[in-house]
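There are two complexes below, and they share subunit A, which is joined by subunit B in the first and by subunit C in the second.
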Partner chain A sequence: MADAAPSTTPSTGPSSSGLLPRTHPLDVRPDLTEQTAGAVVAKPLTTAVQVRAELPGPAADAAARVLGVALPARPGTWVATPAGGRVVWLGPDEWLVLDPTTTPWDLEPRLREALAPAGGAAVDVSAQRVVLELSGPLARDLLAAGCAVDTHPSVFPAGRAAQTLLAQAGVVLLALSDDGRHYELLVRSSFARYLADWLVDAATEHRARRA
Partner chain B sequence: MQMIRCPWCGPREEVEFHYGGQAHVPYPAEPAALSDEEWAHYVFFRDNTRGAFAERWSHSAGCRRWFNALRDTVSYRFLAVYRPGDPRPVLDQTPTAGASS
Partner chain C sequence: MSAPFRTASGGRVERSVPVSFTFGGTSYEGLRGDTLASALLAHGVHQVTTSIKLGRPRGVGAAWAEDPSSLVQVEEPFPDPMQLATTTEVFDGLVAHGVPGQGRLADIGDSARYDSRHLHVDLLVVGAGPAGVQAALTAARSGARVALVDEQSEPGGSLLGTTDLVDGRPALEWVGDAAAELAAAPEVVHLQRTTVFGVYDDGFALAVERRTDHLGGAAPREVSRQRVWRIRARRTVVATGAHERPVVFTDNDRPGTMLAGSARTFLHRYGVLAGTRAVVLTTNDSAYRAAVELADAGVEVAAVVDTRPQVPAHWAAECAGRGIEVRSGSAVVGTRGTDRVTHARVAARDGGAVDDVACDLLLVSGGWNPAVHLYSQARGKLAFDTSLGAFLPTGRLDDLLVAGAAAGAQELATCLRQGGAASATALVELGLDVVPVPVPSTPAAPPVTAPDLVWTVPDVDGDTSRQFVDLQRDATVADVQRALGAGLRSPEHVKRYTTIGTAHDQGKTSGVVTSGIIAELLGGGPDDVGTTTFRPPYTPVAFATLAGRDRGQLFDPVRTTALHDWHVRAGAVWEDVGQWKRPRYYPLAGEDVETAVLRECAAARTGVGILDGSTLGKIDVQGPDAGELLDRLYTNLMSSLAVGKVRYGVMCGADGMVIDDGTVLRVAEDRFLVMTTTGGAAKVLDWMEEWHQTEWPELGVHLASVTEQWSAFPVVGPRSRDVIQAVFGPSGVDAANEAFGFMTWQDTVLDGAPVRLARISFSGELAWEVHVSSWHAVAVWERLVEAGRPYGITPYGTETMHVLRAEKGYPIIGQDTDGTVTPQDLGMAWVVSKKKPDFVGKRSFARADNLREDRKQLVGLLPVDRTTVLPEGSQVVELAESGELPPPPVPMLGHVTSSYRSAHLERPFALALVKGGRARAGQLVHVPVKGRLVAVEVTGPVLVDPEGARRDG
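And now, the complex of A and B:
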């Protein structure tokens, strides 16, 4: 692979951020938003780095210095970074850093160089998942059709996160707002088309109602 | 569907979890010193408790962490969950009437 920066390939699909020169698994579903009555948008591919560190500890401190925000200690939460990314709690010693503003070959070495000497680890997992944005009045209805986690804003407000199953597929669900109308859904790339098709199916009745 | 409380994630549907057998089975201090029969007992033999049973569970579809649980093998009710390394909780009362020996 060449060292040069990736070329931006013209595209109308979700991969058009240009940061990651990879085919988006949902480029083949350009009508996803239309078919879900506007509720689901496939986001451009984003940089993702998995962080392992003991908390509290020197590696967690090092990660906080690189990210500009402390690793969230509370299970099932995420925090925003000053750079415009997110740090998601995945386990008592495991986090997922999402940052659409940078590249894996920038973020991974910066985190690894800070964490490794302190006993932590950072691994690029950008190819592992794709991000779907769920918004609007249908967002919770679609989730409820295949997910048992209570997403009511009183218990799942902005800043909450859950690793769970949606229609049998493993997902990470992030609440982005306090009104129950804005979520992000992280799904493994190999499950993305299945989940997109399932979401289209779950939206059928709502589509009919609007027509 | 039964809900199981993960010590980290809270209550989740039981399909998110994976069973891991009896908890608190210590690895032999000197495995090489064991006879075949003793090794077989360590590997294969487990208690078959009626009532509160300490067992290992993994939240495999969530945080993917292992934890321990006290479960009533008569009613399937989870009586307590606790993190690895924590001692087995002491229960106030017999969970199922007539179930414990």
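And now, the complex of A and C:
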């Protein structure tokens, strides 16, 4: 009966570092960038921690001390951290910290230990979402194909964030530049393939034009 | 085949680009830029089809979407039902034929792409006629974000069908320059072949763009055929022009009868003469232009029949100069001909002899209806203007203005001025600095003589049964009379009684005429009657277009777990659980579902199985009041749970009915992990947030979904301890009972990755749930499978999971319950705390109805024949003492909620909700299965290991 179980694949075999290998939900879409005419890149897995705190308040202050930057108070915005990460406003007392420079099991306890005594909370959500980068001249057209948010740089410049739908997937959309050519999309891991397939389909005309 | 009615020159068609098409089995040649209607008229073909009820010949009645009669079925390149000859552009290879009212959908899948775009603008301008172009230019030069949307193949609107001059040159040159300027403006989106078909609240408008329809079979496959534009505009200028309306008279449906302005369009835009000898019936000045221009183009105009006693002097002189007879105070009372008009029957309005005037073209103008559809959809009010003889907008809406002919403007100069002014007004309101665009000059228009208001011309014999109001519906003045005779008064009721205005054209030519006829018959004015409600869509939109790309694989998101590819490689058969794809079972070669599930069940009960349970909902609950919140939401006590322990809990609604269940892990003094059902994940989090935010905001607790953060794999069966020990022993885990008790959890680290192990069993067997970050899910799963090989570890799916839990009497919320089932009904009174002062649902448990002895209770059913698998949903009935079924209606005791074949019991079994079920233990009841009664024994719901001896291995 063990025959039903396929053998271990090379991509997930024991790693040379001795650490347990990770898998990315979009490992199976290696041609995502090519198939989207260069517009979409799946970013590496990134440490992400959801932070809850009253703002202003001691928990928010504690978070700012850990992150090196104040939690953004303005709805629909994000700020950069000194460590090269981002803090995204998700609600009046809710933020998402993205930090590519550390591990979840380092960042969550550090934030939690600082926040919990002050009435806040921190939860590791690193595996909850996948990050996609959209860039170039097609970025806004791909978004307009399925997202109702106005992404015009005059109203959605760098530093803006929105929780919205792209096609039928909930996403967090971040504007990274003021020229309407650079965005990040955070999508639930279980929806990542759907969204990748949708983006590839949305790029059909652009792909054909490029070919 | 030559086109005898094509003019020698002129028009917007490309005379050097012939296209071949087939209509009604005959091949024709048209020109690029033709519509099917203009191309047919160029060949002298007027009859397109026959009518839906009466089978009368019908032709081309207008030049665009207002045409009520020229319905065709496109067959090639792809079947498309109920298109208008007047809006279908011809292309090489087009095959079409007329249809009497109804077309035919393709019986093969449509392989064309359809898609959509969102668009945000400061100003949406609908219509690229003179008013719309001027409005768009003004907005573009002012730096606004603009959308100019027009439904024709090129901009110009009414100017496409005239010889007007703007700034001293042909109007279309002015339009062309404006279009070029708009194309160069960075913030302007200019869409042609795009119909704004609906206007909604807050400046939301929907439009459909026909991107490749005009290319036919040459359309690139990768380009979407049609596109829905979802436009959000801060202001909208409606510049949609006006529709000419007919006058109703006897036999007014004969091919060769058309609106006068449309004949101008066929002449000037398409270079087509709609006939050789024309009679023109008019109530106003506008049709004189058609008479004069057609005469100049070589059509013999036999007469202009003007219903007014005084004809306009300017036009009388123009006609006289061309030898055109003008008959004042007269009307067309009927026509002669069979499949084409041969005579217009003309008589003085005050009676007298009928003069049959020979003609093959009868042009009609009963005045103009401003195209107020979008304004009216947006809830703008209309009022009848007697001097214009038309329903007009009564003003503007907060975010929508009307300009040009749609607002009742009659002169070109007025349209241009209004377009610019409406745009400027909107831009000022938006805080933009307006750069005014000078209104271009236009030649002085001749003086206007007041129009006549004529809806119908009485039949000489009083017969109204051939006076067609809605040609598409074959509805006549007689039908309106019948409706009024039946007591109906409102045009809404008359519409539904007569079906007038319900066809593809939605009454563009018949609606206002019907209001006029009702007013005439009841005595009163059209204002007293009003119009029917204008609703989207303005013109028909195909469902395929609205569906867009949400079809096939992208119809609904497919949610996948981190292990999806492993399941694919293992040959899983899928079950759709909400949007999730879950393995239902993993058949080996030659296995059917029954065999595979029996094998998987046996493995879990005798060896070891492994399930991907990652779709289970998971909620992180943090804060000093975390336990308190859970105490108030679960029926049992959670705050007393020790760190390191696991407890099963049930959640009820305020009505005491079970809404979800699952296990709760106490992770820390101030932290819990709540597991929900797969289907309940989102709604349980919402439920908890709702109570927390609206009722108990004082509780110090924070909730977060971690459903996809954690993958979860139950490792199940007597040999599960061996597998867990093998994989996690090196990390320091001792899986022995004494070290790792039932309903406890422990954290460990596997090669740098944190893993949580919890002794939870949804099968009654010795089992661990392995929780790990989804980043490492594949690696940990594969370690477990590898370590399980010596024990024959068997991956199993949802079907086996269901059987294993049902054998233990564990209910699935939503399958064994339906929102009317209490914990007590499930035999789980033990999960309802007697000590807690309050929790959601508690008070309802004291309701008399919840205490009835004969409530439906969860029981087990064992078919006595040991072979029948009862269909889920089957009714449970009781035989009378006679041993027969009681007389109908047979009382129903309940129904089967879960039913499976059990490898362990070696017989089928079922769970059921049965009235007073627990008291019936040991009794025989019956279940009708395919016409026979199957005897079943009622038992307790726990059929395997009721004493719980297996859970510790």
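Convention: the second predicted complex is superposed on the first by the 190 of 211 C-alpha atoms of A that agree within 3 Å, B and C clash if a C-alpha of one lies under 4 Å from a C-alpha of the other, contacts with A are read in each partner's own complex, and residues count from 1 in each chain.
Basically, a contact is a pair of C-beta atoms (placed from the backbone, for glycine too) under 8 Å apart; a residue touches a chain by one contact, two chains touch by 3 or more.
What you are looking at is a predicted structure, and each value in this text was computed from that prediction instead of being measured.
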item	value
Partner chain in contact with A:Ala148 - subunit B first, subunit C second, else both or neither	both
Which superposed partner A:Gly119 touches (first subunit B, second subunit C, both, neither)	second
First (subunit B), second (subunit C), both or neither touched by A:Arg207	second
Partner chain in contact with A:Gln163 - subunit B first, subunit C second, else both or neither	first
When both partners are placed on the shared chain, which of subunit B and subunit C touches more of subunit A	C
Touched partner set for A:Gly91, first subunit B, second subunit C, both or neither	first
Subunit A residues contacted in one complex by subunit B, in the other by subunit C	148-149
List of subunit A residues in touch with subunit B within their complex	75-76, 90-92, 148-149, 162-165, 170
Subunit A partner contacts - residues on subunit B that touch it in the complex	1, 8-10, 12-13, 15-16, 61-65
Contact set on subunit C toward subunit A in their complex	113, 115-120, 145, 220, 222-224, 230, 232, 549-550, 553-554, 556-562, 564-566, 569-571, 580, 586, 588, 599, 603, 607, 620, 622-623, 670, 700, 702, 704-711, 750-754, 773-780, 782, 785-786, 788-789, 792-795
Residue ranges of subunit A touching subunit C (in the complex, touch as defined)	1-6, 8-9, 12, 18-23, 25, 28, 45, 50, 52, 104-105, 112, 116, 119-121, 123-129, 141, 144-150, 152, 155, 167-169, 188-191, 193-195, 197-198, 201-202, 204-205, 207-208
